[in-house]
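One chain, chain A, appears in both complexes that follow, with chain B as partner in the first and chain C in the second.
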Partner chain A sequence: MRGVKSQTLYWMAITFVLFPILILLGIYMRSVQAGALGELQGWFYPMMTLHGVGMVGVWYVASMGCVANVLSKYVSPSPAIGRLAIVGSVAGVALLLACVFLGRFAGGWYFLYPLPLKGEWPLWSAVTFLASLTVLGATWLIWSLDLLRAIASKYSLPQALGWHYLSGRDQPQLPPAILIITVSLIASVAALGAGVIALALFYNEILTGAPSDALLMKNLIFFFGHTVVNLAMYLGVALVYEVLPHYAGRPWKTNKVVVISWNAVLLIVLFAYFHHLYMDFVQPGVLQYLGQIASYASAIPAAVVTIFGALLLVYRARMRWNLASILLVLGLAGWAIGGLGALIDSTISVNLRLHNTLWVPAHFHTYMVAGLVFLVVGYFYHVCQEASATPENVGYHKLLATLLVVGAYGFFMMFYLSGAYSVPRRFAAYPSELAHGATYSGVAAAFAGLFLLGFALYVVETGKRWRKALHSGV
Partner chain B sequence: MFRRALLLVVVMLPLSWAAQADTAAAGSLLYEQKCAACHTIGQGDRIGPDLRNVAERRTEAWLVRFITAPDEMIAAKDETALRLVEKYNRIMMPNLGLSETDARAVLDHIQAVSAAVPASSAPPTPSTPFSKPELRAPQSTIFTAFLISSVIVAAVFAWIALSTRSPAEVDVKRAYGWRKAFFGSGVIALVALLAATAPRAPYAGAETKPDRIVHVAARQFEFVFADEPITSAADLGRAPTIQRLELQAGELVEFRVTGLDVNHAFGLYGPQRQLVAQTQAMPGYVNRLLVRFTEPGQYKVLCLEYCAAGHHLMQTSLTVH
Partner chain C sequence: MASEFRRPGPRSALRRTLATLALTAAYATSVFGEGAPSAESRLAGRAAPDIPLRLADGRTMRLSELADGKPLLITFFYRRCTGVCTPLLAWVRDAVRKAGGLGVDYRVLALSFDDADTIDDLRAQARVTRVLDSPHWSFAVTEQEALAQITGALDFWYRPDPATGQIDHPALVAALDQGRVVRTMLGAPDVSERLQGLLAELRGAFIPYYRLPHQTPFACVSFDSSTGETRLHWGLMLLVLPALTAAVAAYVLFFLGAKRRRMVEAQNGRTGASPVWSCAAS
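For the complex of A and B:
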């Protein structure tokens, strides 16, 4: 592992291996809900936990690996910290696998207090799970801080946040990706800090027996979990700003509107997580309404600035379509459609009917899979193709993208439909009154299988270029 | 001599009866606090097996050992214990910290209740699945709104992608004008949506006077209804609980919901099998959920916050007349 750029290739390899395994776990879960694999139902909740932590973790590190690669074009992230990120993430995953497969830990990826300490699994497995999150959280915190350090070595904080554009100056020129990465990493440090406090309170209870306040823990855990997932999405968006102009043959520069928009995101993203606590009626009312306002407000910069800007960039451009540019545009569409599902659910009076139904995995799978995953794998392909200059078959790329889209949206639609019918999320089996949920689960498993096939073909297509890139020493 | 013996009998008999009554009360209390969340006596399997006449299926020594140290028996690979774990979806009975005396008191209670439960009320046959219900408002409206807006987004993206077939320069200033209009209309739409929906938030005001208050305690893996607050597992078996909750249509009912161990959620499903309302059941807090029941029928309550292996089996019901 020579430098940050070649480390990105290792992150790709890790993603190519882990993502299909985690998809298989998802297919297993939907199959159990469909009434198949009954003899394996006892593993449903441990696998649900592994699927959740695994997916969040894989796509967080994949997007971080990509932005480290983008940053290395402008500044110098530390290769040593990059290596630490890989080693720390692998160590965290090893601990996670031990607690799930040996200890049958099933506290859920969001480890809602005090469940990890009060389940049917042994205490050692809960401690191992918390240790896994501690290793991952500490590693990612150090990684985030190093990327911020690298940015700070060239830009002062006001410059990295683009404040000079507000006073009409455009020097030093700030690539939009740097602005978005700076905003995301600052918020990421705050989120990881909240995660550290939540973990410390867990350890405190294990060591001293002193219980924590359930509402405080819920706020800390959702601030951490929601924000980390949200920021992974924004890191993916930074990739669009960096790469899409290359395919559209038009520049996409930072300006006053882009700066205002992404500085607003830094504020908004810290308050949106309150929408996870709407159904905790004892949470102060002002925070509930603040949650709805922040959730609505987060749609404005996303839709008006980023998506409008991207569409304007592509509109009637001499577009060079290939797997990268197709997936980047599809990724923005997935972000927008998933965002609509999220916006609807972030309305308090609607959340009363949708909270913890399958509507929730519906919208987050939409913007994570058809949004973030498409953006990151589009960028992966771009990096490998640029390094290998392999001849491309655009017709085949369109076919591949169609397979991924049909698989993904067919799978999502079953979630949306189930959510509208009030089918609960996180149920290993449905009560007879909601037996129709099993039918949707079966159809969803079939579509997920189609998506998996599409992803396998994508890995073959990108893998050929990945090998060349590795040998050419990117 | 005879007088002394008679005196002894007269004194000791009530003491013996009192001791028996104490044991029975202790057994009943322990059963409610430790066992009832997962088992029934004569009403069928729940998370674990129906315990009616369990003494006829297992030896007392085995039962006492299993009740006091189920984890040790499973670790020691006791054949019967392992078979039970497999049969009940690998949900393992936790070590409840009961002594041998406690276990015998619980067994006595189970025996006494088993004798009183008529054989006809033993395990009900599994219910047949319901057919798919009709999707009703507001969920149908929400789903339709989502579908329409998603199709519009997809159509815009498709139009932009197809526009690249005829490349041309774009008038950026005109496009920024469109962006301003998009921003303005987006802000107006969101503010209007906020203004229209915020008053419908489900939070109860301090001044709200319900027709009836029902206390709900949730624990792994049951809901308990009561007229008085239940704030800890120690209250179970001491405070009276409502076995069958029956409400009147038109009543404004306030559910005061709490969790006794971990987070749960009180998800209320109407007769049409769609969510009517919900709130979280959190340890140490009481959430006040107001529901005006407009439709008579059978309502189901499901746990909507993941709470460990028996989560999907945690449910109860209530009737609105």
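For the complex of A and C:
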């Protein structure tokens, strides 16, 4: 491993290997829900845990790997910390695999207290799971701090947050990606800090037997989990600001509106997770209202400004369409569509109906897969293509993108329909009165298979360029 | 075989919110040790057997018949007890009088676990407790097998102490509704406050949250039994701490970055090189 840029290629390789495996786990779960693979039903919840933690982790580090690459264009992230991030993430994944496959840990990716310590799995399995999160969290925290350090080596904090634009000055010019990455990394430190506290309380209980307050633990866990997922999405959006102008042939500059919207994100994103606790009647009412307001306020300004800006950028531009630019635009669309589903679900009166249905996985799969995944894999392709300068077949790229979109949205649609028809989430098997849930699951598994095929073809297409990029020493 | 009892008839608004109660005199704390709170949480939701009872007035009936569709507070005693039994019963009596609702919202049963106790002993204990004339207080004995069932279900233990001739036991009050434990209390130093909260619940107040004592180092909210309000607890500061940490970390990193930049610029000024930020790769 040489510099940060070549480390991005390693993140790609890790993603290309892990993502299809995690998709297969998802297909397995939907197949079990459809009534197939009955003999493997006992593995449903361990696999749900692995699928959830794995997907969140893979796409968080993938987006971090991408923004590290973006930052290396402007500043100097530490290659040593980059190596630590890869080693730490691989070690964390190894621990996760051990606790799930050897210990059958099944506490879910959100590991809600006190489930990890109360399940049917052995205590060592829960401890290994917590150790896995500790390794991952500590690694990512160090990584986030190093990227912030790199930004701080060139910009002051007000400059990195673009505050000089508010007073009408545009010097020093701040790439919007730097603004978004700064905002996301600061919030990441907060989210990972919440994870540290939650883990410390878990360890305290294991060591001393003193239980923790369940409401506090749930707040801390979703402060960590929800915010990390949210920020991974924003890191993906930073890639669009950075790369889309390259294909549109026009600059995408920071301005006052962009600064206001993304600074608002920094202030508000930390409160949005309260919407995960609407069902917790003990949660003080003021925090519930704050959850709804923050959910809207943290998403709408940034999304509207970004999507409006992207549309203006593309409108009547001499766009160079290829797999990268197509996926980046599709990723923004997925962010908007999934985000809309999330906003609907974050509305208290609606959440009371939808919270425990498959509507929830519907919206987060939409913005994770059709949003974040499309953005990151679009960027992956862009990096490999820029490094390898391989001739492109745009028609084939459109076919690939179509395959991914049809597979993904067909898969999401089954979740949305299931949610709308009150099919509960987290059920491994459906009773007869929910037989329609099994039908939707079967169709979803087929669409997921189509998406997997599309992704495999994408890996082949990008992999050829990846090899050239690796050998050319990016 | 014991079975859960169900209460018939319509529920009053107060009855919908059930209570439970367990108390103990402060000096009884040592009897239960530090495991008491975890025992309390373990009991919630557990089914109680519908045992036969022989009451102080000579009648026999089952537990479900005694409850008569109402929530039931159960506590244990034995007549010869020179320790917690009488203070415990007096405490329950006073608390119940203060809270009100006896007979309307719930009934109280004091069950002897000493097979030497007779009907006369039951009446004597009721007289000492000054509830002999209350139709909603019942003192009872039961068969050994039934006693084993209900003490087993409520994790109530007792053992003779040959040195004193007394019987060691915890001071437990369990609240049942529809044959299941809703809430229990064992002795603790702050039991008075907890008892007030429990009685508020008994009178129909909706108490969304209560903490077991000495269990959780931090909490989000706590219930103030004196005002009946849920208050924010200082443990909520743990939710603010990550944001503060992030702000401080960002400030320090950017402060150090600026300091380093100034140093490099100063050096470059001496050598005539360009400032760092303007010569970064583009």
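In this text, the second predicted complex is superposed on the first by the 472 of 474 C-alpha atoms of A that agree within 3 Å, B and C clash if a C-alpha of one lies under 4 Å from a C-alpha of the other, contacts with A are read in each partner's own complex, and residues count from 1 in each chain.
Assume contacts are C-beta pairs under 8 Å (C-beta built on N, C-alpha and C of every residue); 3 or more make two chains touch, one makes a residue touch a chain.
Not measured: the values here are computed from a predicted model.
In this superposed model built on chain A, chain B and chain C take up the same space, so to speak, and clash.
In the overlay built on the shared chain, the residue A:426 is in contact with chain B alone; chain C does not reach it.
In the superposed model, A:36 lies in contact with neither chain B nor chain C. When the shared chain is aligned, no partner comes close enough to touch A:138: not chain B, not chain C.
Once the two complexes are overlaid on the shared chain, A:191 sits against chain C while remaining clear of chain B. Of the two partner chains, neither chain B nor chain C is touched by A:84.
Contacts of A:446 after superposition on the shared chain: neither chain B nor chain C is touched. Greater residue coverage of chain A by touch, when chain B is weighed against chain C, goes to B. Once the two complexes are laid over each other on the shared chain, residue contacts for A:98 go to neither chain B nor chain C. Looking at the shared chain after the overlay, A:264 reaches neither chain B nor chain C. When the shared chain is aligned, no partner comes close enough to touch A:406: not chain B, not chain C.
Note on the superposed arrangement: chain C collides with the chain B stretch 24-32, while the other options among 24-32, 168-176 or 294-302 stay free of clashes. Counting contacts by the rule stated earlier, residues 213, 215, 281-282 of chain A appear in both its interface with chain B and its interface with chain C.
Against chain B, the residues of chain A that register as touching in their complex are 41-43, 45, 106, 108, 112-115, 118-120, 213-215, 218, 257, 279-282, 285, 288-289, 292-293, 296-297, 299-300, 303-304, 308, 311-312, 314-319, 321, 329, 332-333, 336-337, 340-341, 344, 347-350, 352-357, 416-417, 420-422, 424, 426-436, 439.
By the touch rule above, chain C contacts chain A in their complex via residues 38, 208-209, 211, 215-221, 230, 232, 235-236, 238-239, 241-243, 245-247, 249-251, 253-254, 256-258, 260-261, 276-278, 280-282. Across the complex, chain A is touched by residues 89-92, 94, 126-133, 135, 138-140, 142-143, 145-146, 149-150, 153-154, 156-157, 160-161, 163-164, 166-170, 172, 175, 179, 182-183, 186-187, 190, 193-194, 197-198, 200-204, 220, 259, 261-263, 265, 267, 269, 273-275, 277-280, 282-289, 300, 302, 304-309, 311-312, 315 of chain B. Of all the residues in chain A, the ones that touch chain C in their complex are 73-76, 145, 148-149, 151-157, 160, 172, 186-187, 189-194, 196-197, 201, 204, 210-213, 215-216, 219-220, 223, 270, 281-284.
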